[in-house]
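Both of the next two complexes hold subunit A, though its partner changes from subunit B to subunit C.
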Partner chain A sequence: MKYVDEFNDRNLCLSLVKKIDSLLGGSEVSIMEVCGTHTMAIFRGGLRSLLPPPIRLLSGPGCPVCVTPTSYLDKAVALSEKEKVIIATFGDMMRVPGSNSSLEKQKAAGKEIRVVYSPLEALNIAENNPDKKVVFLAVGFETTSPTIAVTAIEARKRGILNFYLLSGHKRVPPALESLVRDGDLKVDGFILPGHVSTIIGVKPYLFLAEYGLPSVICGFEPLDILQGICMILRQIKEERAEVEVQYSRVVKNEGNAEAMALLHDIFIETDSEWRGLGPIAGSGYNLRKEYGDLDANQVFSLMDTASVETDGCICGQILKGLKIPNQCPHFGKSCIPSSPVGACMVSSEGTCAAYYKYG
Partner chain B sequence: MCLGIPVRIEEIQREKGLVTLGNVRMEVNLTLLADDLAAGDYVLVHAGFAIAKVDEREARETISLIKGMIADEVCR
Partner chain C sequence: MPPITSMDKNILLAHGTGGRMSHKLIDEVFLRVFDNPILLEKDDGAIVEIGGEKLAFTTDSYVVKPIFFPGGDIGKLSVWGTVNDLAVMGAEPFYISCGLIIEEGLELEILERIISSMAEAARIANVLVVTGDTKVVERGGADRIYINTSGVGMLKKNLPLNGIEPTDKIILSGSIGEHEVSVLLARDELPFHSDIVSDLAPLNLLVSEILNVDGIKFIRDPTRGGLATTLNEIAEGRNIGIIVEEEKIKISEEVKAVCELLGLDPFCLANEGKMVVVVKSDCADEVVRRMRKNPLGRESEIIGEVVGELNGRVCLKTRVGGTRILDMLTGYQLPRIC
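Our next item is the complex of A and B:
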C-alpha cells in the first residue's frame, strides 16, 4: 500500500458521490473546509463539479501564509534591508505583499533572501555563514510549529548563535472558535484539517459540538474528502454533532504528544493578528523567555506597526465563508496570483488563488 | 502549506530516515516521532520532518469502511 492511489479509486469515488446524493435527499448543506490544502485537493480532484449542487463547499481561513498580516511582512522587509542579514523563508511567503514591498521585490533589489523547504535548511545556512545573521520566517499552523521547535533546540545543541526566528505561528482552534462565535457564519459542518490534527489530535475541536456543528477530520485524497462529507451528512441526519476522524491512518485521538511537548518547551501561546480576520486571543505562538536570544523581535528591536488592508478587498468575508472570490471587485483584475492584493490570493492554497486557477 | 506526503523509510540512521521522493534521495528528521520505526515503515513528511507514522491497518480499515458504506447504507 502506498497510501495515495488507493484513495483515488475512480469507481469508489463515483459510488460515494451517489451515496452523498441519497443522504442529502435534496436538502441544501454548507460545509466549510478549514484547511487550504483541502481547498486545493477539492479543486484538483474535480470534486466541486462531481458533487451534487445542494452541497455547498466553503473555504475557511486555512492557510497560514494568507493570514500573515502586513505588519509581519513589513518587519521581514525591514530586516532584509539590514547589513549582513539573510532572510530564510518558505517559498509561499515570497509574494505576500507588505505595506510597501514584498520579499520577492526585496530579492529582486539584491537583498539576501533564500527559499528553504525545511527550517533545518535555514539553520544550515546560518552555520555556513557565521559572519551573517540568519532570520527564519517562522510561519505555519500546528503542523509546522513543532518542526521549528526542533530547529530551535538544534540551534542550541550545535552552538549556532547567528540564527533567529521571527515568530508568526498561528493556532487553528482559536480562529475556528472565533469564526463559529461570530453569528454571521452559516455552515452546517466542518471538514477539519488533517495534518494539523496529526499534531493536536481531536480534543481542541470538541467545542464545535457545543455549537451543534458536525465535524470530521479528513485526509486529502478524493476518497478521504468524499467519505468525510458522507460522515458529516450522516451526523446531520442522525442529529448528532461530534468530532469524528476519517483520516485515522495518521491522526490519533490524542495527536502527537511528543511533538506537542517539544512545541510547548519552546513556544508559549499568545494573541495574534490574522490578515482579513483581525486579532484573535491565544491564536499564535511566541518564543518563551528562555529562548529570547533566538527572538528576532528582541534581538533587532522590531516595532509592531498597524496592518493595512486594501480598500474594497473582501478577503475577511471570504475567509469567513460569507462571500466567494467572484464577488470581489479586485478579483482577477488588480488582484492576480503574480501580484496579489489580498490574503486569499497570496498563497497558492488561498481561496482566491484556487478559484483563479481552477474556478 | 500544510502539505504532508506519505513516504517509505528505506534506512534509519539515529534520528534520520533516508527516503526517496520522486527521484530524489533525501533525509527526513524523525525527532518528532516517539513510535518505534523500522525500515519499510511509511511516515507522513512535512517540511523535512516525519510528523506521523502511517498506520497500514487503519488505512485498510478506512478502505473497507468506504466499501461497506457504499454497499449497505452504513456511513460510519
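Our next item is the complex of A and C:
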C-alpha cells in the first residue's frame, strides 16, 4: 500500500491544484468523469473542495449497477421466485429497485439470493448444489466481463450443467459516443475510466477527438485525477483533442489482447438498454449461440419487459451530466441510500449516493 | 398501535447493522412502544437508580459468524462486548449474565471451548458471570450458538452527551477496522487470506486509566457502523459539528488493502477494542499520555475536535488537504463490482 500512499502526497496535490488554477486562467471548464470509481475517489479525497471553482466536475454513466435497467432487475426477481433457483450476485445489485421488488427484499422474503465476490464463487455454488439451478447476474463493464467469460469456459471444463448467466454486460465506448452525439451534453473534456481501459486500450476512444473533445485515461488516486485534469486543461489550452494516458503504469495503448480475445470468444456485441439513457446500439454483450445452454434468458424463456421509471426521477439526466442530484425532487427525501428510488443512489459509486454520502 | 408507514414490510439485514436503518427501527418501533425517559436517552445502556445508588445496565446479543475468528470467539466477544458498553458509560462493570441459544447438534467440545473462553474473558476483565439460561432449538432454528449477555456496573462518573462543547478534542485509542475484517476473512468465503487479528479487548482496563481526569466528557466504543457512525451519533445527538483528520486515523496496511479490494469503507468497519474519547481541550494531551501507557491504547491519538458549526455533521479533512462529509453507515456495506 506504500505505493498508493505516494499518490496521496499533500504537497504534490497542492502544487497540481496551483497548476490547474493557472492553466484555467479564470475560464470555466466542465469535465466529465465517466467512471463511478473516479466519482467515488473524487469525493473520498475531498478533491472538489480543493479545485478552483471554475472547474465543474460532472459524473457520467460509469457505474454498471446504476445503468442496469429495471427490466433486468424484474427478470432477476422473477427468477428468484422459481423453484430450486439460487441467484448469485455482486453485492451492489442487492438494493437496486426493480418494478415491484429488489433482491434484498426477495432475500428477506426467503428467496435464495447469495452475494458473491467473483463469478467463480457463483460457479462453486452451482457445483456444490447439483439439485439447484444457479443463475449469476452477469453485470459489469469491460473490466468485469472477461472474468465472467473465464467462468463460462470453466463451467464447460468442469462439466457443471446447472450454472447460468443472466447477461447484463455493458460496453463503455458506445454509451460514451451516444452521449457525445446526443448534443445535449455540455462538457469540455473527459476523464476516461482506468480499469476498463486496461482491457480495451486507447483505440475505442479515438472518436472523441473527432468531436474535438480532449480526454485522459486516469488512475484513481488523488494525484492521478489532479494530473489528469491538468492534462485535459493543457490540451484545451493548446487546442488539441487527443486521448492521452495518465494511468500508464497500468494501461497499455493496445489494452489486454488476451482478455479481448476471450470476450470475443464468448460474447457477441448486442444492443442494450441503459437505465436513464435508453437503448444504445452495440453497447452490450450477449452470450454467443455456442454458449446458449448457459444463457438464462433462453433456458428460462425470460421475456423482455418495458422498464418503468419512477415519476420525477432524473437519473437519466444525471447520468448524462445534464443535472446534479440536488436538482432532483426525490434526492435526500424519498430517495436515500437505504431506500433508493433511482439507480444513481444504489451503488456506493452512483452519483447520487456519492453526493448524499460525501455532500 | 398506529401503522409504521415509513418502514419496510419485512426486517432486512440492514436493520441490524447499527447504522441509519437500525436507528430508524429503534426510533419507530422500540422507543415508540417502550416509551420511558431512561430509554429515550438512547444510550448504549441505561443508567438506573436503586436505593440511591446509580447503576449502569446494558444488554447485547452475539450472533457472530464464524464463532471462532482470529483474536477471539463468540464467548469472549459476549463478555467483553457487554463489559465495554458498561465501561464507556463511565461505569465499573461487576456482574454479567449469560443466555445461550444453542442449535441442536452443536458439538459439546465446541460449547466447552466457548464457555471456557467466557470464563477467561470474565477473569481478565474482572467481572463475574453470575446467572444464565440455556435453550436448545431444533436444527436450523439457530446458527450453531447465539449468546445474550446483560451486565450491571457501578456508575463512577456520569458522562452525558450534553457535556460536549465546541473546542473539545476527540481522541481515538488506535487503528480501526480489524475486528470486522478479521471476521469477514474468517468466513472463508473470500479467495484470499491475511494475518489481520480482531482488536477484541476489555476496554474497562483502559477506561479506568482516564476516568478520574476532570476533563473527560464522553466515551464511546465504535462497534457496529464503525468510527463514522459513532462520530455522527455524537454530532447529531449534541447538534454540534466534528472535524477529524484522515491523517491521524490509523488504519493498518492489511485493512487498507482489504478495503481497497472489496470496496469497503474503513470508517464504517466495526471495532471491538477501540474507544473514542471526547475531552476538554486542555486535558487532551494528558489523556493521550495516560492511554498510551496502557497496551490497549498504545496508538492513541487526537484525531480532531468539536466545532460550533456544521449542525450535527462530521467533516473529514482528507490526506490530500481536501474536506468532505463523513456520514454514518447506511444499510450495510455492499462489496462493489468495478
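Here is the rule we use: the second predicted complex is superposed on the first by the 357 of 359 C-alpha atoms of A that agree within 3 Å, B and C clash if a C-alpha of one lies under 4 Å from a C-alpha of the other, contacts with A are read in each partner's own complex, and residues count from 1 in each chain.
One rule holds for everything that comes next: contacts are C-beta pairs under 8 Å (C-beta built on N, C-alpha and C of every residue); 3 or more make two chains touch, one makes a residue touch a chain.
None of these values were measured; they are calculated from a predicted model.
Shared-chain residue A:84: touches no atom of subunit B or subunit C. In the superposed model, A:49 makes contact with subunit C only, not with subunit B.
With both structures placed on the common chain, the touch criterion links A:250 to subunit B but leaves subunit C unconnected.
Residue contacts after overlaying the shared chain place A:140 against subunit B and subunit C alike.
Of the two partner chains, subunit B and subunit C are each touched by A:121. In the superposition on chain A, contact is made by A:23 with subunit B only, not with subunit C. Contacts of A:158 after superposition on the shared chain: neither subunit B nor subunit C is touched. Contact with both subunit B and subunit C is seen for A:349 once the two complexes are overlaid on the shared chain. Applying the stated contact rule after C-alpha superposition, one finds that A:186 touches neither subunit B nor subunit C.
The interface of subunit A with subunit B overlaps its interface with subunit C at residues 1-2, 4, 35-37, 63-65, 90, 92, 117-118, 120-121, 140-141, 143-144, 195, 223, 347, 349. Subunit B makes touch with subunit A in their complex at residues 1-4, 6, 8, 29, 31-34, 42, 44, 46-49, 51-56, 58-63, 65-67, 69-70, 75-76. Subunit A makes touch with subunit C in their complex at residues 1-2, 4, 8-10, 13-14, 35-37, 43-50, 63-65, 90-95, 104-105, 107-109, 115, 117-118, 120-121, 139-141, 143-144, 195, 222-223, 336-339, 347-349, 356-359. Of all residues in subunit A, only 1-4, 6-7, 12, 15-16, 18-19, 23, 35-37, 62-65, 90, 92, 117-121, 140-141, 143-144, 146-147, 150, 193-196, 198-199, 220, 223-224, 227, 230-231, 233-234, 244, 246, 248-251, 256-259, 262, 347, 349 touch subunit B in the complex they form. The residues of subunit C lying in touch with subunit A in their complex are 8-14, 20-21, 24, 189-191, 253, 256-257, 260, 262-263, 265, 316-325, 327, 330-331, 333-338.
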